[in-house]
Amino acid sequence: MNLRKLTFKGGVHPPEFKEFAEKKSIEILPLPESVVIPVQQHIGAPAEPVVEVGDEVKVGDVVCEAKGFVSVPSHASVSGKVIKIEKRPHPVGGKVLSIVIESDGEDQKSSSITPNENYFDLDIEEMKKNISAAGLAGMGGAAFPSHVKLSPPADKKIDTFILNGAECEPYLTADHRLMLEHPKEIIEGVQLVMKILGCKNGYIAIEKNKPDAISLMKKSVQETGANLKVVGLNVKYPQGAEKQLIKAITNREIPAGGLPMDVACLVHNVGTALGIYEAVSTNKPLYERVVTVTGKGIKEQKNVLARIGTPFQNLIDFCGGLTENAVKIVNGGPMMGIAQFSLEVPVTKGTSGILALTEKETQARTPGPCISCCHCVDVCPMKLMPNDLAKFIEYERYDEAHKLGVLDCIECGSCSFICPSKIRHVHLFKYGKLEVSKMLKAQNS
Amino acid sequence: MKDILKLGGILLLVTAIAGAALSMVNAITKPRIEEQKRLVTQRALTTALPKANPEAIVPVTENESVSHYIGYQTTEKQNIAGYAFVAKGAGYSSIIETMVGVDTTGTVMGIKIMQQVETPGLGTKIEEVRYGESSSWFQDQFLNRIADGLIVDKDGGDIISVTGATISCRAVANSIKKGMGELEERLGGFKVN
Amino acid sequence: MEKNFLVSASPHITHKDTIPRIMYSVVISLIPAIAGSVYFFGVRAVWILLFAILSAVATEALIQFLMKKPITVKDGSAIVTGILLGFNVPAAVPWWIPVIGSAFAIAVGKIPFGGLGYNPMNPALLGRAFLLASWPTRMTIFKTEPTGGTLSGIDAAAINEYGLDSITSATPLNVFKTQKGIISDWNELVKSGLEDPILQEKAAQANNAITQLYDSSSNLLWGNVGGVIGETSAALLLIGAVYLIYKRYIGLRIPLSYMGTVALLSWIFGGTEGFFSGDPIFHILAGGLILGAFYMATDMVTSPVTSKGRYYFGIGCGIFTVLIRLVGGYPEGVSYSILLMNLAVPLLDRYTKPKTFGVKKK
Amino acid sequence: MSLSNEFSKGFYKENPVFKLALGLCPTLAVSNSVQNAIGMGAAATFVLLCSNVIISMIRKGVPKKIRIPIYIVVIATFVTIVDLVMAGFAPALHKSLGIFVPLIVVNCVILGRAEAYAGKNSVLYSFIDGLGMGIGFTFALAIIAVVRELLGDGKLWGIPMFGSGFEPVLLLILPPGAFLTLGMFLGLFNWLDTKRSAA
Amino acid sequence: MEFNELLIIAVSAIFINNFVLTRFLGICPYIGVSKNMDSAVGMGFAVIFVMTLASMVTWLINAFMLKPTTSNIFYIIFNAEAPPDLTYLKTIAFILVIASLVQFVEMVVQKVSPALYKSLGIFLPLITTNCAILGVALLNLDNDYNFIASIVHGLAAGVGFTLALVLMAGIREKLEMAPIPKALQGIPIAFLMAGLMSIAFLGFSGLKIQ
């Protein structure tokens, strides 16, 4: 490695609060009475239900089928009976068609979950089929269908794969625990991905605030003899955002509006790599995931392995419940996560954490005037001018906002975090992006 | 084409009428304007050379421009009462022009600031006439001094400057001083008393 | 029944800095310099600062009350404006000078544009420029001795007893400028072929005075010189500045590029013996450069947000400062140069936008 | 519209400076003393009156295409007359108004009235309009000048108004004072308007 | 004329006696066209161009048609007894010349460079009745500038105007998005801003350039 610092320009240092859960081994959540499986847990077309009310299902049975290429199926995460197919609240917002399964408590696994012998020698297409059938959608937050990422167009050669173990969001420790508890499986997952893509360079990128994970990974890589480099990254949010990650490790810059494959890279999250390993080696679909239940508003912070579709309430109860002063529940981390109205919503493939924040931490922020302190400009990892963007969007000048690059914003929240005036940039940008897209559509037609 | 000619013709006609009207007005006002201009210099000269006969102040030219004036005591241009010249010095925001009269011994007899565009309320106070007085207190200080005494207080002299306008005052004093030096040279020296 | 959870857009945590926190930190950072001003100028300094602060706060509150807008004086920005305005007047001014100055700063320089964050120019400096243009004599009487004096200005007794001049002590830059003026007057005379013995004598003295000025850097550093209340002690101002830099409320780009430019240009053009004979240390320590560079050019509202823009801003301030100091109508150019560069901030921001990540440079 | 209405509209309702924002350069430049303001106002009123009358007299004979050049010639003629007469009979005023006397030619108020009013109305109405607008213009100049001269110089019409203790706000008679005072007046009139329409 | 003197004329017209901020010339376009940066820049260049050209042409008109010298063309053509003093016609002559000049420039630009016309064209007619142009011509006369000095003065006056205009446009674009009290929105705040700008430009007053 050269002497270049492994990082990117900008970024912030929010308080980490990883100590709540980083030492807690992953615990298995008792089976819930019922699960709610939304047909949309990924980016792309919603899946289509293939069961009907009253059907009996086993764990791992497909309950909704992918519709089109950029889409993934979902599977039953408990065995039991389909009792309802209706719209239910979704952690990403709004109500989404969901399949509600009442558990029979037996946890019978589907017969399709069978180990593949010599799975490493499977045909590449076969592997991709397994991954696609397992319903894998990126577990790093964006929930993009993994098989799509693994099938780049012929003209895009991928030479570098990066395993994203940055876990830069404060509080969250799910990836950290996975790396400590399943290092070998994760490394196998990485090797599978590299084999599928035929790429030579593999990196395991971990922020330096997880020294135990770095050393364990290094040891495991040595033991398995895998051709991988484990790199320690500077601790800085959003180090785990793929553009910034690729920049830090390879010094390549994904062009605006481009994808990792444009610079011959691919990034996957730790959880996704594990999922890929499981999908290829045992045909196990993605029906459970590790969720960090944490925050000052939780009595006992834990990392739990929960079935997809388990209501948040179950996880919180498992962790001793909420404290008196918990006022905000977030799906994900504090920087990018989504605040929830109720605890009815289910864990989805993208739920990396459930965060309960207390009153003190979330004091109502009344945005003040921008005092041009330039902090937001300094920290923006995309080198945008959030102060100007926010003003343009506030005054509905979408044309200028578009010219200033609002569509390049990755919504990392660094600007809002640092702003002394508590301006809600991300809120404005989410809205602004919609308006800009509308405007562009109108212009094109 | 015909249209353009016609329009041009009308415009020309209007302009011609205007021009004619103006030339008439000009004929009436021209003498007065010139008289006014002359009066400005004349008044300054009489202020600068109070002892000279106003009718007997004559310009001396050098290289086609007036270098200074000589004021005689009588209409017959006898007995030199003194000399006058225009001193120019860079003030705060303009070139300040002062008509200066000195007697034959090199003593200032009178000065009159003729042109300045200093800051209103600051530099313009070099022309201030205090309420109830009839002449400018600042300019009066120059009377009966010889060149060596023309130094403002800020530079260690005793000409009191207008507060906040040292620059303008210094310009007046220094330009007069310099002008007197040049005049002395031109005359080959003042008479010693 | 379930409780209602708060819902808002991400991020759900924010940095602990808030506007009041920043503003009050600035106030704290100014305490050493305030203490110094009391030491150098006596209790008068306290009164002047107090009047300036009260006037700024009261003006803001009153106007907002009359306009039926929320009253925002709690954010502390008016206090900072008040202190900095007070810092920008000489100690001998009567009480109404800081009162009117602060009122102008807030009522004309800040509120009409929408209040905190929207004012295009530095309010405190506008207040100072307004005072300087309106009452130039009041604003240029400096004294070095700590005195009580009366609130309406300098004691009448003192004026009678010593004459105005004895309590009027020129600032170092003032001395520098007049002396330089004498030397150049002398050179003029020589050029026109005249040699005036009096001026010759004075020119020699002037040369001497400038040399002495250059030798007095330690006085300049500690503040034992004439000047406006806040500018005299470079050292005390720097203590506060270090605190603000540590807190990241001010960056180094503006102060360093500003002072660097002044040092370079004054070294090249500032001397009496041709190019490269000026004394950069003198020019950095004398006058209000330290105050301006660390506290006023860095006012967030009125400086660029981009990092290149901040360098250009500092360099521009430096150029105008030296220009005004050396050939301008005033001995000091810091306030005007910052005001002038304030005007260019929108342009600087516009033309120094950072290159968006992933967008190729043309 | 009644004649008296035509006359009075120039004061407030259609005040050229405060409401129509016309003729701003001379307004700013010569409002540093009441004397200058009235002098300029009178000069402009004279030109406005004469050019309005002449233009409404010849309006029928003027071809549309070249009406602007012709108006300009007419206006320039009267401006020159004012200029010459002032130089001859009021040299001090002429000096302090400087180039703003010849610049009355491009004063938007005058061309504006010629184009908007005199070119379309009868001689009598044009005369009244010119008079009203001229006086309105003078009035605007004068009230700005009163503020600037009184506070900025401590005088009115050159006569000291305060005791010697008063230290005038010099800035007001300097260039910035012109902009600030006019800005404040414009704001004030806007505010009065909104209050009026609300009431 | 010495280079130094030309420099002084230029610096003075741009900074010390800025046409807009201290001489109060060209206020209408300064207020009217400064709402948006693109038009400010367009207008600025148009004014620089026309001012320079007008300085040149009016100087020639004055020197060879109005001034009572032996090079007066009426004197030469009509072989008059004494050269006529037509300087009293300067106002009317200059305004007509400037108006035709602008018209002419407009036509030429339209023919020669449609692209330039697109960006400058709309501003040209506005310029005719702009007192800054006539003002620069009259000031050249008042100051007795020679041909070169007049051109430099015209050019610098235009640059000074453009400087003030562009700075103002930058600021006003930002003010568009500020909670300015209702009564002050638009022209009043522009004047207040001009006043503050003018205060900053006081910093140049008294500048002594040698």
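When the chains are written out, they are named A, B, C, D and E in that same order, and each has its own residue count from 1.
The definition used in the following text is that a residue touches a chain if its C-beta (ideal position, glycine included) is under 8 Å from a C-beta of that chain, and two chains touch if they have at least 3 such contacts.
Every value quoted in this text rests on a predicted model; they were computed, and no experiment measured them.
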Chain A to chain D, fewest steps along touching chains: 2
Chains in simultaneous contact with chain B and chain D: C, E
Centroid-based (C-alpha) most distant chain relative to chain A: B
Which of B-E and A-E has more C-beta pairs touching across its chains: B-E
Most central chain, Cα average position: C
Chain centre separation (chain C, chain D; CA means) in Å: 40
Averaged-CA centre spacing for the pair chain E and chain D, given as whole angstrom: 22
Distance between chain centroids, defined by C-alpha means - chain A, chain B (Å): 86
Centre-of-Cα separation between chain C and chain A, whole angstrom: 51
Contacts with 2+ other chains: residues of chain A: 369
Chain C: positions in contact with at least two other chains: 108, 112, 114-115, 118, 130, 133, 136, 329
Chain D, residues touching no fewer than two other chains: 69, 73, 76-77, 80, 84, 168, 170-171, 174, 176, 180, 187
Those chain pairs that satisfy the touch definition: A-C, A-E, B-C, B-D, B-E, C-D, C-E, D-E
Interfacial residue positions of chain E with respect to chain A in the complex: 176-177, 179
Footprint of chain C on chain D - complex, ascending: 167-172, 174, 176, 180, 187
Chain B residues within the chain C interface of the complex: 92-93, 122, 148, 151, 154-156, 163-164, 167, 174, 178, 181
Complex contacts: residues of chain B adjacent to chain E: 15, 18-19, 22-23, 26, 30, 90, 92-93, 119, 167
In the complex, chain E residues that touch chain C: 37, 166-167, 170-171, 173-175, 178-181, 184, 189, 192-193, 195-197, 199-210
